[in-house]
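Let me give you the structure first, and then I'll get to my questions.
Which chain is which? They are A, B, C, D and E, in the order written, and residues in each are numbered from 1.
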Amino acid sequence: MKRIAVVDTTFARVDMAGYAVRALRAAGTGFALVRRTVPGIKDLPVACRQAMVEDGADLVLALGMPGRADYDRTCAHEASLGLQFAAVLGGRPIVECFVFEGEADDPRTLETLARRRAEEHALNAYTLLFRPDDLGRRAGTGLRQGFADAGPIRPR
Amino acid sequence: MKRIAVVDTTFARVDMAGYAVRALRAAGTGFALVRRTVPGIKDLPVACRQAMVEDGADLVLALGMPGRADYDRTCAHEASLGLQFAAVLGGRPIVECFVFEGEADDPRTLETLARRRAEEHALNAYTLLFRPDDLGRRAGTGLRQGFADAGPIRPR
Amino acid sequence: MKRIAVVDTTFARVDMAGYAVRALRAAGTGFALVRRTVPGIKDLPVACRQAMVEDGADLVLALGMPGRADYDRTCAHEASLGLQFAAVLGGRPIVECFVFEGEADDPRTLETLARRRAEEHALNAYTLLFRPDDLGRRAGTGLRQGFADAGPIRPR
Amino acid sequence: MKRIAVVDTTFARVDMAGYAVRALRAAGTGFALVRRTVPGIKDLPVACRQAMVEDGADLVLALGMPGRADYDRTCAHEASLGLQFAAVLGGRPIVECFVFEGEADDPRTLETLARRRAEEHALNAYTLLFRPDDLGRRAGTGLRQGFADAGPIRPR
Amino acid sequence: MKRIAVVDTTFARVDMAGYAVRALRAAGTGFALVRRTVPGIKDLPVACRQAMVEDGADLVLALGMPGRADYDRTCAHEASLGLQFAAVLGGRPIVECFVFEGEADDPRTLETLARRRAEEHALNAYTLLFRPDDLGRRAGTGLRQGFADAGPIRPR
């Protein structure tokens, strides 16, 4: 049985992991869920590493909500590079799902965006692990997470 | 018995480690404290690595106070990336607690901010190590360190 | 027999991998093709790592199409650094082929650019693996991918 | 007996290593000195790695003087990240001492600044290796290198 | 017998490797030359890694000519970080020699600059490997590559 780790933060203002877990359970079975919560996005990479090494995760979904200040963008960049390093070092996917507070003008839209993006990344995580060929069939078709798909330039 | 390392700098203008250590001791028992002090923030990553490898630390709290110049932001960015690398490589959390001199207009406010943030990160460190489920219960609730919490968008 | 992995994304709006695979097959024989598709460009580095470790790839062609927003440039930068890390760590080439949506003003030009660049990077990948001396003969001659060659400053 | 490596560049316009070595010798005994000189700051990280692996250095002092152009700032950033990587990977401190040509308006001031900073970083290096508790006593007291100390916000 | 690898690109518009190889041969003997050519600068780091691991290179000279667009600067930065990582990981020097197309206004000056810089970096590479003490004697004397030396601030 495969193991999927869902790692999130107390900094985020939306329970993204809750949405992600429900989406994962709805997507299918055959996996055990591991949960880790850390304070902020810069704590995510090592938690992903621990999820791989200590919890035996085959894939990690890393959820976070950087703030709207300039410095938050820097922190998100550092966290993303840490996630890249952890994923490559461990040889197992870390699906990064970040929603910036500044992406939405009001809290309601932010909640909706965070929910949709968490759900769609959860689905991506499930597909990566269990139905990689489904991704292959949709290669180059302009899919988006949390927004309307852009679609392929040349319909197939 | 777990080991927590507290690593700080002589560059900082506030004894952040002092506040952190008191907060850790107030939080609970069951851990031994290790202390390391380095000149500046760019010396923190390797000191964290040494705290893991030489002192057997299970978690490191890295405290620093970057200056207010542009170049200090670059140094903080480099230090943060070093901390990411050290944490992932070691597979043990490094809780980064940086307070930028430019975050406060007067020394008194800076002292207060540094104190609060050091204490709250210390508490986070303790919780990460001893009560990870407490973090899980507060996932996505908009917690902040050194400022008022932002709170969740949708109250639970 | 050598193995070439072609890794692409569902985010891209052009089937770059399709063009690349056809170009590879037209270039010669003596290799087996491995395919992996991931959601976005930041998922490419670990997929390249998996292609090396799990699929035994001797070379990976990583294809992606970052969007036109500022944030997409940051993501592309993070993905590129992840690809650098994966390539050096694995000691096997990862040929990065990114086409930014903002490089072309209309979809048709973007499709053509993406096609040409995918084909030319595929050819480069093939040459790197099977005819490295051909590259040596064209060293310093101002070759470009997806655009007209710049040519050498001093004709030889 | 401990080994301290002093690594510098031919690019720098001040003999920073000379000042550093004299300061180290004045600071105390009990260490052997290793010297390496490389062309520029981007050659420092691997030289530090070689100083650890080939020369058995317990600590490396890396001295450099980036130029005043924009591109020099980028090079210094890349060198700093390389130094972070080398220090964490080796688990031994690399004390980075960079003086930017643009930090001083005239050569004389630059010479004085470079001398003071090299000497103070050398002293830091010595203290890190032989008297770490001295650093602990000065934690959070606003020490600076090459400039007047900022001092602690709240005198102790 | 030592091995020096010279790695360059087909993207460059000047045969920098040709100039470098001639400068190396003129500098002395006692080494075997290895050559690798890759498409662009971002392919250099892994080729340097391969030159160390597969070809047994003791030192690599990495030559490239980034274009004049903003994006080229980003690519050069990514390539440089990859080179840092490869050099530190391998513990053997990678002498980076980049000439930006935008550094010169006309092709002739660019050719001259690229030639001079390639030759001087080749000489540096030779000296690093065979006469490291020569570098030590010129420490802190303001040497430059491809331009007139800046010289030491205080003549010795």
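As a convention for this text, contacts are C-beta pairs under 8 Å (C-beta built on N, C-alpha and C of every residue); 3 or more make two chains touch, one makes a residue touch a chain.
Everything numeric in this text was worked out from a predicted model, so none of it was measured.
Student: Show me the overlap between the contact partners of subunit C and those of subunit D.
Tutor: E
Student: Hey, how far is the Cα centre of subunit A from the one of subunit E, in Å?
Tutor: Chain centroid spacing, subunit A to subunit E, equals 40 Å.
Student: Using the average of all C-alpha atoms in each chain as its centre, how far is it in Å between subunit A and subunit C?
Tutor: Subunit A and subunit C have C-alpha centres separated by 25 Å.
Student: Mind pulling the subunit D residues that touch 2 or more other chains?
Tutor: 81, 85, 89
Student: Draw the chains as points, connect those that touch, then say whether the picture is a line, ring, star, complete or other.
Tutor: ring
Student: Circling the ring from subunit D via subunit E, which chains come up in turn?
Tutor: Moving around the ring in the direction of subunit E from subunit D, the order is D, E, C, A, B.
Student: Please name which positions on subunit B make contact with subunit A in the complex.
Tutor: Checking each residue of subunit B against subunit A gives 73, 77, 80-81, 84-85, 87-96, 100, 121, 124, 128, 132, 135-136, 138-145, 150-154, 156.
Student: Applying the document's contact rule, which stretches of subunit B touch subunit D when the two form their complex?
Tutor: Per the touch definition, subunit B meets subunit D at residues 8-18, 35-40, 42-43, 45-47, 49-50, 53-54, 65, 71, 74-75, 78-79, 81-82, 85-86, 89, 107-108, 110-111.
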